[in-house]
């Protein structure tokens, strides 16, 4: 089922070592993508971009003075390569473990040489496939090292801005590059959430107008997905906040202004998710009420039809009795009256009319017609200007 | 649908750059209003008011000693003009981005030259159109620069007070002007919320007395709108609070007393919204109970009618059986009795009476009559003075 | 409707200036009571009590050395008088605005000359009329100035203690008088809440035993009233707390001990309101369940009667068919049997007995009888001493 | 009703002075127990225990050097005696008021001479009578003064430990005695809560298996009782915490280690109450679902019987019509067929079988049989070891 | 019932002394396992492992210089032995009480000689038996002392790493060993929770597709179990946090990096439990809706069948009346018409068709068929890439 698949991408089946295994053990998944290393190296007026064949080729870039180097590793399927990079960049074994054992909660860990940032990208791969991927960022003095699980990402605009001459990247350090990556990740939540919002609106219409069991499943699934999204986004915001409050020279005050903007966006995303969560939670109440309404409607039809015909059938039953007229003049003399039958039909008709009138006064006859017109709140009388004060 | 339109104004379809675009990119909406610049310049005893043809005409006002200048820009549809203003007032590109990419969360950002305040106005444009607009305020030493999306606003009373000679504006600085604007924005929430409250009261009456599916939609929509209102008002309060706690000379202690009053009003507005939210949330429970009550009522009618006539119909059916009296003296001798038929009718009548008595004792016969009188709590016995202690 | 009237007194229709009006504007309500000024002046061994004809007569009292003066203004319907008092006591225009534009949230504002305390009294004017009134208190070095909306209040016991010779008032300063007023206000919540509690108990009984739509309205109204009460009481507690934490000489440490006691009472009141809120919130669930129970009961009656008679009516119907016995010996020979009719009745009787037995085993026959006995929890087996440990 | 009586003991009918009465007024209840004073006096190697006839006899014990004195007053029915004790121990009038006007919220108040601790004991007097009593403790340098409302308490084990030679009491001061009392009070919550837990388990079984209206009342009452318990236990924990954070020499660091243990127990009690609260709150949902299930079951029986017999009765009705065969060969020729009647019965039989088959496929025939076996989660497939990783 | 047994292991039946017993009393359970003492002693290049016959044999290990000693006590069934160990390691009586009176809340207590850590292990003993056991850890300068209730645990991997030469244990002190134990305990929650998650997914499917009363019980039980799990895991996280913030030399900064990682895992476990809790809580709503859906479906069948046949039966009843044609030409002339009977049948047929058409238009005829296909969200129109921006 698609709904389930989407959840698992966000939350479950974390790669992890056996409980009790030595800290720092790397449990590389059998189906993990083979890694490729790509390097961007730039300063104020130079720019280089290379595919590397091995980790050792990274060193010369790091040693070039005045250069900012972005080492981008895509794919985590080679333990040796990861360990070698770990040694070059002096990565703590536990940090390397967190890189491999994705997904981890977004966080910032402080190490002497660098900051270790874990973030989560959300991508819309295709129509109904919301895909989440972990990106691990090491921010050093003159380098940014990123690890991604897969080749698809949302960082292409950042790369393009690097390739263009000029731009703020050329005048800022590695911290600005790190901000650019985080900002691209955070901003990419907006289109994903907006299309989720459209899905919720459809679900809402369906719930009010024509609720089925499938709607119920969809509401429950949406609740869970939004819960998962929330668990990803909350720590992401804290991550950015930690970088803003970082007092080391790794993050400059100029870049903190930009991070503050990124933080604002993360808060807006949280607001959206919280709003969606409350809407979805309210949808369940609406569903329950809709079910109640349906039961009501079914009952009404049953009651109207039954209640009209049951007394009539009784009358017909009475005159179907076989009391012998010859035993007594009181035995069903109506059957011998001249107007007996028409009178009987007329009485039945009057009873039916009376009951219909009763139901009409109760408002049960045409109660089902109130929804389909558009201006939903129109005749509830929204406040007019005249009432302003 | 109107309900949806009103929500979108509050929450959705934010203008925003492509994810990953360079920070500071201004994505001016195609349908944005062309800007007009208006300047108020005043000191203790002078007052000038001008429409400007271009940003550059602002400079002389700023340089007049002892003058407070309010530069009011309405409409955001000209990127060049905005950038030029940005240069004149030394606005950070990210701040300018927030001005254009409305709506943003209300906030205060500190910059060296000025404070950057984002607030949200709520206006009742017409009877059923609650309209929200962002206002961006830059508070400098001797100027206030405001950006609005549209020409309609709630600041006319502030402008009129400026035009009148005398008044507190003449003796206070730019910070008091900034307070005046915020106060007018906050106070304008009251009439809007009061008319919303009247709408909720109508909705409440409808929910108790005559709930339909449209009521259900209206409750759900109201929940969402109040959620949106809340998301706007919370950060607005924090915004005012930030200004009160601002320790720079831009906000003087005298004005902080006024801001504290404005903060009190913002808290009152939050209280109102929270109360409305709880009322609306309770309405859903009431709706569900009303539906249950209706089902009950329908069931009761069905049960009374069915239960009375089903046994009677059975009796009629018995005497409609064709057992041949001539086969045996035990075969339906009742049919030959002298008083057979009247006795049969009498038995039926007694059964009906007995059942009606049973239903009466259960209180099912007149249960629907308990609502329409006025004094709702009257006979529940509200506490009397005698019980006071 | 009474319920609504009571709410409005607590919450709505706040007097307030037009949005955007000059801060400090006094919008005196057309129906506001004309003010009367009353003065109590006392020291260790003297006591004076006067009705004043104008604000200017206050001054001599304030200047008497060693005297504590309580200036009590009842009624807010004279702007000139209020402004004159404002000048005498150096009241900030915003504070004066808050005095007039009642109801405000309870709060303490610090000014140089005095503390400005807003509190809310709750009174039981008559049997079913819970009345709330704002009292504004200015606590100066040697005076207390109070403003009330109306003549009715709960401060008579304080005045009587002042009139009596001796007592703690004579040995403490103005701060103790201010405490006395606050304490009388807070303590007066107890009888009001207790009578509200009795109302809730009645409502609870009604909900379990005989829920009607009026009960539903009453529950919803009670929810809202308790919400309003809560919004009044929370800031009231904070108000007292602010006075305790006040470090100016206006509030002496001796009086803080008393205020701490008053704070305890405010917390107890909050506890009561919170308890009432949870009870009321639970009542809605009980109501819903009661409705469900009623539906169940109605269904049960319908099902028992229908299910017994429908098969019997079918049998009667079968033997009412007109198959001609003379066409074939297989056409309804039962009708010619000697014991045909008695056998048929016997079969019907047995079917009815069997179905009654089935319903009895399901426990549907006498299920409605379980409530009216007293010891509700008796046979649920409350824990006995033997189980103690 | 028992349920109500139990609540009142926990929460209502607080003794309290008239609103507005002088602070320190003692409103002794008319039915309050006459007080008895009991004294324990001990040092490292001495122990004395006396009943006193009057407060004045306390003084000599307090003046004995090296002695710890526990003055235990049971019963609060003598204002004079209480005031005399108040003078001897220099008790603030407000503290004495709190002693008498029980129940108060548990708290610690600091006075110069002593700490004033209010705690609440919970006792299981008999099978279904949970009894709460206030104990007021004054902890001085060399004495502990306790006031109880009644003679029953849970402190007998403490008294017995005092009477035994040796034990930690002999080597610690008055603070350890105070801890002992608090610890006995806190620990006594465990058996009470455990028996409450057993009551909840019974209630739970009843709710799932055979819910009645009485169950509904019991759930609602349990909710309220647990709410009351919570309001007692929360401040009790804070009380102990305040003593731990007390920096005066009245509470020694050695005793703080013990108080920390006592605090742990209070937290465990809170955990239990919170768990019970969530269980009880969930019970309401279960009740609602059980009601829904019952309605379902009743409906199912009605539907099965009705739906089978209604078509059959119709067929019987058709062949009970009196169309005259002699008017036309098309008028009910079936009545004259040789196999007419048997065929008719056969058709009815087949229709009944078909409908039963339809209901069987829907799973409506034997749906009520799924509960009574024990291993509730057995066939839901709890995870096996094999799935561990 | 299994469900209950599992809960009790997590929560109830705590061993505890009588209320009021002397602090430090050890209430050893009658069925407690007899203790066995096992010692691991190692330094950089040595390793020893011994079973001890008595506590006194521990001393020599503790006195070996440069050695780290892990004294592991399994089983708590011998008070004398525990007291002897208490003396050797200078354990406070209250700490020893907490060791024996399991389960206690996880916590860290600081003592002069050591840190006292209480943690809770969760084990999957067999398929459906989630087992919880308390482990008490004393972390001293050169030793770790652990007490377990039973022989089964999840620490075997730690022991194996100790036995292997090399590894981080050999270069770090006792604090690293303590971390290893805590890490193994925390990591063991993952497989347990994952199998719990699988159980919840099955429960979810059952709730949507085929809810029974047993499902209701299972949901309620799961809620309670997750509540218990949460109460265990929250303090466990705080425990680790306390160790990280510990400023004594007992926990070195190097080990704190590892503890931070362990803390991250504890937070992830909390996230999982919270997610499970919200899912389970949502399941109840789904259950209620499913019940409502079922009632709907049953009602629909009843209504369709009844509503079609009731009017038909009425018509048949009419023509079963015995009005005598010979009394009047108006008495049921239809019975004598040539096409009377076929016409009557035709009218009945047309009425049935019309009613079926009515039900079809209402969508009541095939409403039950919407669930079983897989792609649950497919036709709700999940957002497509085209809408991305």
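Order of writing sets the chain letters: A, B, C, D and E. Residues in each chain are counted from 1.
In the analysis below, a contact is a pair of C-beta atoms (placed from the backbone, for glycine too) under 8 Å apart; a residue touches a chain by one contact, two chains touch by 3 or more.
Fair warning: this is a prediction, and the values are worked out from it, not measured in the lab.
Visitor: By the touch rule set out at the top, what is the minimum number of steps from subunit C to subunit D?
Guide: 1
Visitor: Give me the rotation angle that lays the C-alpha atoms of subunit B onto its copy subunit D, rounded to the nearest 5 degrees.
Guide: 145
Visitor: Would you kindly state whether over half or under half of the residue numbers at the subunit B/subunit C interface are used by both copies, giving same or different?
Guide: Subunit B and subunit C contact each other through largely non-matching residue numbers.
Visitor: I'd like the Å distance between the centres of subunit D and subunit E, where a centre is the mean of that chain's Cα atoms.
Guide: Here subunit D and subunit E have centroids separated by 25 Å.
Visitor: How far is the middle of subunit A from the middle of subunit D, if each middle is the mean of its Cα atoms, in Å?
Guide: Once rounded, the distance between the two centres reads 40 Å.
Visitor: Of all the residues in subunit C, which ones touch at least 2 other chains?
Guide: Correct list: 18-19, 190-191, 194, 288, 292, 295, 299, 302, 306, 310, 313, 317, 320-322, 332, 389.
Visitor: Residues of subunit A touching subunit E in their complex?
Guide: Of all residues in subunit A, those touching subunit E are 1-3, 11-12, 16-23, 92, 94, 97-98, 104-105, 107, 109, 124, 126-128, 191, 194-196, 198-199, 202-203, 206, 210, 212-214, 216-218, 220-221, 223-224, 227-228, 231, 284, 287-288, 291-292, 294-295, 297-299, 301-302, 305-306, 309-310, 312-313, 316-317, 319-322, 332, 334-342, 344-345.
Visitor: If you look only at subunit D, which of its residues touch subunit E in the complex?
Guide: 154-158, 161, 167-168, 183-184, 187-188, 190-191, 194, 197, 204, 208, 257-258, 260-261, 264, 267-268, 271, 275, 278-279, 282-283, 285-286, 288-290, 292-293, 295-296, 299-300, 302-303, 306-307, 310-311, 313-314, 317-318, 320-324, 327-328, 330-332, 362-364, 367, 370-371, 374-378, 380-385, 387-389
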